[in-house]
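Next up, some structures in structure tokens.
Next come two complexes, and both contain subunit A; in the first it sits with subunit B, in the second with subunit C.
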Partner chain A sequence: MSCSVEEPTMTVAEKRAKDRAVHVGFCCKCKTAKSTITVRYAEYCDPCFLIALDSKFRTALRNARPYRVITPENVMLAFSGGPSSRALVHLFDVFHSLPPEVATNKKQPKIYNDIHVCHIDESCLLEPSQGQEPQDITSSRSTMEQARSIAAGYDYSFHGVAIEDIYDPEWTDSRCFEAVATLITSLPKDQLATSGQAPELLARIIPTSATSPSEEDAPKLSRQEKINKLKALLGACMTLTAKETVLQHFRSSLLIQLAKRGQCTILALGDSATRVAIHIIELTAIGRGYSLPHETSLLSSWVQDCKVIRPLKDCLVKELDTFCGLNDLELIEHHNAQLDWTMKTKAEVKSIRKLTDEFITGLDKEFPSTVATVCRTAAKLTPPEATYDQKCPLCLGPVQAGVQDWKRRITVTTAPGEIVTTTSSNAETETKESSYGCCSSDASGCCSSSQRPSCTSQQTTTTTTNSSTSTSFSSLLCYGCLTNLRDLDLKSMASQEDSSDESMSLSSSSFKLPPYVAETIVHRMGFASLDEFDHRFMDAAPATAVDPQENLRAQIQEFLIASDDEEE
Partner chain B sequence: MSQSNTTLRIELQFSGGMELLFDNQKTIHAKVPAFFPLDDSAEEKHAATIRDLISWTASNLLKERPELFIGADGSVRSGILVLVNGADWELEGELDYELEDRDEIVFISTLHGG
Partner chain C sequence: MPGATDAKPTKPLKNPCNLCQSVRAILKRPKTGQQLCKECFFHVFETEIHNTIVDNKLFNKGDRVAIGASGGKDSTVLAYVMKLLNDRYSYGLDLVLLSIDEGITGYRDDSLETVKRNRDQYQIPLLIVSYKDLYGWSMDDIVKEIGRKNNCTFCGVFRRQALDRGAIMLNVDHIVTGHNADDIAETVLMNILRGDLPRLQRCTSIITNDTSEDSSGIETSKILRSKPFKYTYEKEIVMYAYFKKLDYFSTECIYSPNAYRGHARVFLKDLEAVRRTAIVDIIHSGEALSASVQANESTKLPTMANCTRCGYISSNELCKACLLLEGLNKGLPQLGIGHTTKIRRMAEAANLASGLSSPASLSSSAASGAAEENIKVVTHIKDLGQLETMPSLDSV
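Showing the complex of A and B:
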């Protein structure tokens, strides 16, 4: 909407406000009670406000999912403990509990079968408050019990998980994917500083059973180990934006797992209109425009077997706060780590989310239709046609074809003088990458080598054994994640050069990506399970080791012939 | 000007993360001067308004990070809801609302995630 259009809209809204103002100071609905709440230009009294919010919620629910359903589905409510999700739980309860006379008279099926509530405990990421030992936090500030008791108050079944459980092999699609992924760079360490070229990231699947010697069947990893791993990864993120984004991916991965475990085919999130508007701008800024429709729409069917709905998408955060206040709903105070990071980091350290937050709320103060305008505009976006199998290993979102090529073309990372040296490495990565198949079969196919991924990079396969075979990670990522991972501290990663010394590469990489990432990588490469993946590499490794030269020749054969033809 | 020494009993409540700025206190019973400016030499004094309350709170009660509480023009930061005796302050004249004894002022931060 351009500025010239915006202004008449404002006056219309103001006019409407004026019309309503016949009963100045009184509720615009009942016109008898004194108004206590203003929502944009409308004034309400408490009872009328509650009715209005409830009907807003019902409308959104009906739009997300038609009422006339044959088989009622189970729904999982994502409950963080903040006002929005707290309101979601309460509104769902009001919606779902019929007055007894209606429930007995009509033989209508319930629209939602079972309502479950899930909670992710992030207390391990909270900074220790003054005078508190770091070890005490997990126990004393855990939000799990409080969330459980709130859910119990509604008689809903409760599912809880701690954020560090993202490192548990159990929290994957196969529920026992015992491997993590480490990242290594394609450039040696000393070149990282000098070469402006963004290094190619390679992933290495490492079975967790090999690294943890404990033999009991009980949890392979202790809680503290998982927390350390998570902290190591977040610590390797050099910007607050990267940190928040990675955490958000873990959160959504866990939520989907929780929903699937609870036999729920619908996952309801408590995103308010304000939050969605902030999210829209933020996602655009961090390069996640491709998956934006899925991450902000009222209904997203991206995740297989689990629809994601946002029934509070039309409610402003102000309305939800007021709603919680009026109903005296119990909130969990320290419910997310981000808030804590904001409080504890210095004022000048700001993430993109924080900046957009300020931008939107600041604008909304002067122009109360900002949030609605942003949301309405983004609601027109249609989700991309990508297949769920080809999801990004990190964010589980859709991946656009030719991401790396595109990024290379639009990014200037080297000073003009260095171009000679980088073009050769460019060509090198390009060959490697295109034979991997960037993300879908039609990716920039200049090299139609039909060889299996492992064989193309002979350097990798010859120097490693089955447990530490590296695969290209960058080429599997979506644009947003590829961009985000540039904020990782590369110096803490092992480089491909170092990897010849295996023991060193295993220990030198200071952080690991959780099992669900490793699982997706293996799936994206076309293997059904970790075993299958392992076997293939045991077979493949000796074969390529026989004659790397021959292998290289096969890889570039097409180009050789092409150049011969030209000469003749 | 004997009145200038009197104070108003105001109940301040903080939630939605605001309490973190006030040493985790959710409720503060404050005795707020009834007339501003506080400087005795000032010629004209006016009854305390929310504008005065905000700056008074910031200098007397706030423990950390003033930029998360106070915004431009001496108001609270955008994204903070203010309720005066349970009603939205926009309906009460916002910054110019004159405080009365035993008023209940609620500050809710909407800058939370969830």
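Showing the complex of A and C:
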């Protein structure tokens, strides 16, 4: 397979460039002005470039959503502060500001009703500069005000949120999901260390406040607490790839919430062609091929009640940079959190995203049609048929059936003597009881259609069948998230056995997954709300099951430190 | 490769195998990072291939299966493991080795010696089919004629057909090849980068069956092809060969360098270094994408027919191999690489012009006529089964 000639053939753009060779040095559109900008093979003068980019944008916008619509919709522009989303905001403004003669014509229907701009402030994750107290960062480097003032310049309504607000119960579908999820492993700690294999992950739903959720004036989480939680989770991800991927899921979750809150049925992202191409290869590399069509298409209708469009999908990042430069558009410096600095060791210097970025950028220099070809490839893919209700709790993407089984068959992790389950149905009967001990009383609850019967590792004989409120988490995840969570630091998680020793009431992992994850888990288990979920388990399990008191947490922290010391 | 070697013979095992816990681990498994002993590694390696074979129902009992053998690490391990699993799990397969001799001096001649040793070691009969015999041209001849550029096109197209022709001569039901997980992952990436949707759809399927597409009675070879190493890491194949002390030949083809694919390979190795499951993850993505392509109406495969000259399955009147061969024989090596019709027209025009202008045209055409007598006509695929000059099987 290593030898066959597969060089890309000459593209239309290249051929056109050859034909244009007579006009070298002149704009390829007007052919009178000297060219100032070169994009791939075409040379433009400034005015022609702006016109060309604008029409590219309009074409994409029309393809994403036909102009002839009966009811105008609200659109939310995701604005990070970088050149691409900055250009998006400006292009939307140009598109929407009608010339006076048209504006006065009442017959002309509006295409978009209101335009909103939203921004996620990630300053809490920026690398602390020298001599700066970690606490100061948030205030001094916040990007929120700058983003707000840019939006105000266009007279758009502005919505801002900080990335740490992902831990706020308010940023969920129900807007008051007062619980987080914690993870435990199905294997006891000593086995984890020696078996070297990824254990089954179980999730527990833990109310965020010690007080009952029904009580009024439940103490709101302080900003610092939320930041700490976010940092704890990112800290538990042992690879840069895992950190970046999780952060990206949080961003998308917040963006969708922002759009819904702004009464917008369309969310416009500023992904450039370059960005989309890199994303396509990156998604492939991290095992997210199943959701790739949704995550890269011009128009995706995956999210319920909120279409996602990418109208800059045909513009190269270089073009957008130039566009911002020509229009003197103000950009926000340090707008996106780079997490490199959080890596303490040099174990992983680069993330998969970074590698892909370098790969595509490098390839595009040698073969300038790479970005366009990759984008075109993905544009022709049809999204998978999956139901939104069965979405992955972490990335909110579609979940493919049977992925754990697939993985297990091609990566054997049993010793020669052990009886290997040759068919997937074997595992079903023996593990169902043990790992879903929680729901054996009510099988319809969590053993719904979504749950693959074979979702536990085959050799878990350690399960103690306590009526703990843990539910299989691995089986709810999509392949990509399942893979990503293998990079979690398992030592920071308790095992099922440990926690059963400690009267099984404790969440001992040092990190929590945000409320939206907990909410999706509860929904996937077939409960409409947290209350309903609580009720079910109050009956099934002792009341202590969901009652993480502060002192108990302190107790377990002690326990964790002790066990860590032992190991080292 | 062997890990820390300074183990103490004291009671608690310094570095026990993650699976059996009773023997010291000597290697770190590339696919999972687990520390394993030799026996456990052999076990998981073989079981995964067995699972792949069983889950995909690759074979039926009594099938005659040709192992595409080049003498390289992949096919050597494939031959070894196929024989082992066939015995262990009683697949009931009749195994044969099939090698293609491209005629590359300093590369293939040496590797074929390895295959011949494998034949003796594993007691599997071997057939060697050469380009020279089939097409009248060896790769050395072709490179002499067309240069280093594009020669891989010839080699690739000819090899695919040669394998099928060899398989027909051997009367087998199935060909297995040593393509490994790295190869598949790389192909997935390549097909996305090149925008080749039909190939993206096909490249992850473990078994290819040319007969599945024909509904109109097109004659095709009924031979299946499959890749039992689809989920097997290249590194583990090397590791297996190393610990089993298998006899294989390790040199790159002297004509092979390919810039574009090279980039993808380097990228894949980088990814694997960052996250060891990346290769399997890419294959998983590839399989999911393949399903996404299927639903799309606009990317249907071309309709299949039979080559009018040799009977091989083809999407055109002439199959690619016959077209390339025609180019070689007529001295138009660009035929089948660039625009075929354009090159044909140009060649005709040139012929016409030379016929009108020069009186020497007669003699030159006579010379080319004489040359044509030496030109090998590829045997029609129908006649291969009952070839009089059936190559004798090098049995052991």
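The working rule: the second predicted complex is superposed on the first by the 445 of 568 C-alpha atoms of A that agree within 3 Å, B and C clash if a C-alpha of one lies under 4 Å from a C-alpha of the other, contacts with A are read in each partner's own complex, and residues count from 1 in each chain.
Rule of thumb we're sticking to: a contact is a pair of C-beta atoms (placed from the backbone, for glycine too) under 8 Å apart; a residue touches a chain by one contact, two chains touch by 3 or more.
Note that the structure is a prediction, hence the values are computed from the model and not measured.
Engineer: Can A:Ile37 be said to touch subunit B (first), subunit C (second), both, or neither?
Structural biologist: first
Engineer: One more residue to check, A:Leu331. First (subunit B), second (subunit C), both or neither?
Structural biologist: first
Engineer: For A:Asp364, using the defined touch cut-off, is the partner it touches subunit B, subunit C, both, or neither? Pick first, second, both or neither.
Structural biologist: Only subunit B is touched by A:Asp364; subunit C is not.
Engineer: In the superposed arrangement, does A:Pro515 touch subunit B (first), subunit C (second), both or neither?
Structural biologist: In the superposition, A:Pro515 contacts neither subunit B nor subunit C.
Engineer: First (subunit B), second (subunit C), both or neither: which does A:Pro393 touch?
Structural biologist: Neither: A:Pro393 stays clear of subunit B and subunit C.
Engineer: With the two structures laid over each other on chain A, which partner does A:Pro169 touch: subunit B (first), subunit C (second), both, or neither?
Structural biologist: Neither partner.
Engineer: For the three-chain arrangement built by superposition, which of subunit B and subunit C touches the greater number of subunit A residues?
Structural biologist: Of subunit B and subunit C, C contacts more residues of subunit A.
Engineer: I'd like to know which partner A:Gly270 touches here: subunit B for first, subunit C for second, both or neither.
Structural biologist: first
Engineer: I'd like to know which partner A:Pro383 touches here: subunit B for first, subunit C for second, both or neither.
Structural biologist: Second partner only, subunit C.
Engineer: May I ask you to decide whether A:Gly81 touches subunit B, subunit C, both, or neither, giving the answer as first, second, both or neither?
Structural biologist: first
Engineer: In the superposed arrangement, what residues of subunit A touch both subunit B and subunit C?
Structural biologist: The answer is residues 362 of subunit A.
Engineer: What does subunit B use to touch subunit A in their complex?
Structural biologist: Within the complex, subunit B contacts subunit A at residues 15-17, 19-21, 64-65, 67-68, 78-79, 81, 83, 86-88, 90-91, 106, 108, 110-114.
Engineer: Please give the residue numbers of subunit A that touch subunit C in the complex, ascending.
Structural biologist: 1-8, 194-197, 239, 241, 280-281, 283-290, 292-293, 348, 350-352, 355-356, 359, 362-363, 367, 370, 373-374, 376-378, 380-384, 400, 403, 406-407, 409-417, 420, 422, 479-480, 483, 486-487
Engineer: Would you mind writing out the residues of subunit C in touch with subunit A in their complex?
Structural biologist: 16, 18-21, 31-35, 39-40, 43-44, 47-48, 51-52, 54-55, 150, 152-153, 155-156, 179, 183, 186-197, 200, 231, 252-253, 255-256, 258-261, 263, 265, 267, 270-271, 274-275, 277-278, 280-282, 284-289, 291-293, 295-296, 298-299
Engineer: Residues of subunit A touching subunit B in their complex?
Structural biologist: Going by the criterion above, the answer is residues 25, 34-38, 43, 46, 80-86, 270, 274-275, 317-318, 321-322, 325, 331, 333, 335-336, 338-339, 342-343, 347, 357-358, 361-362, 364-365.
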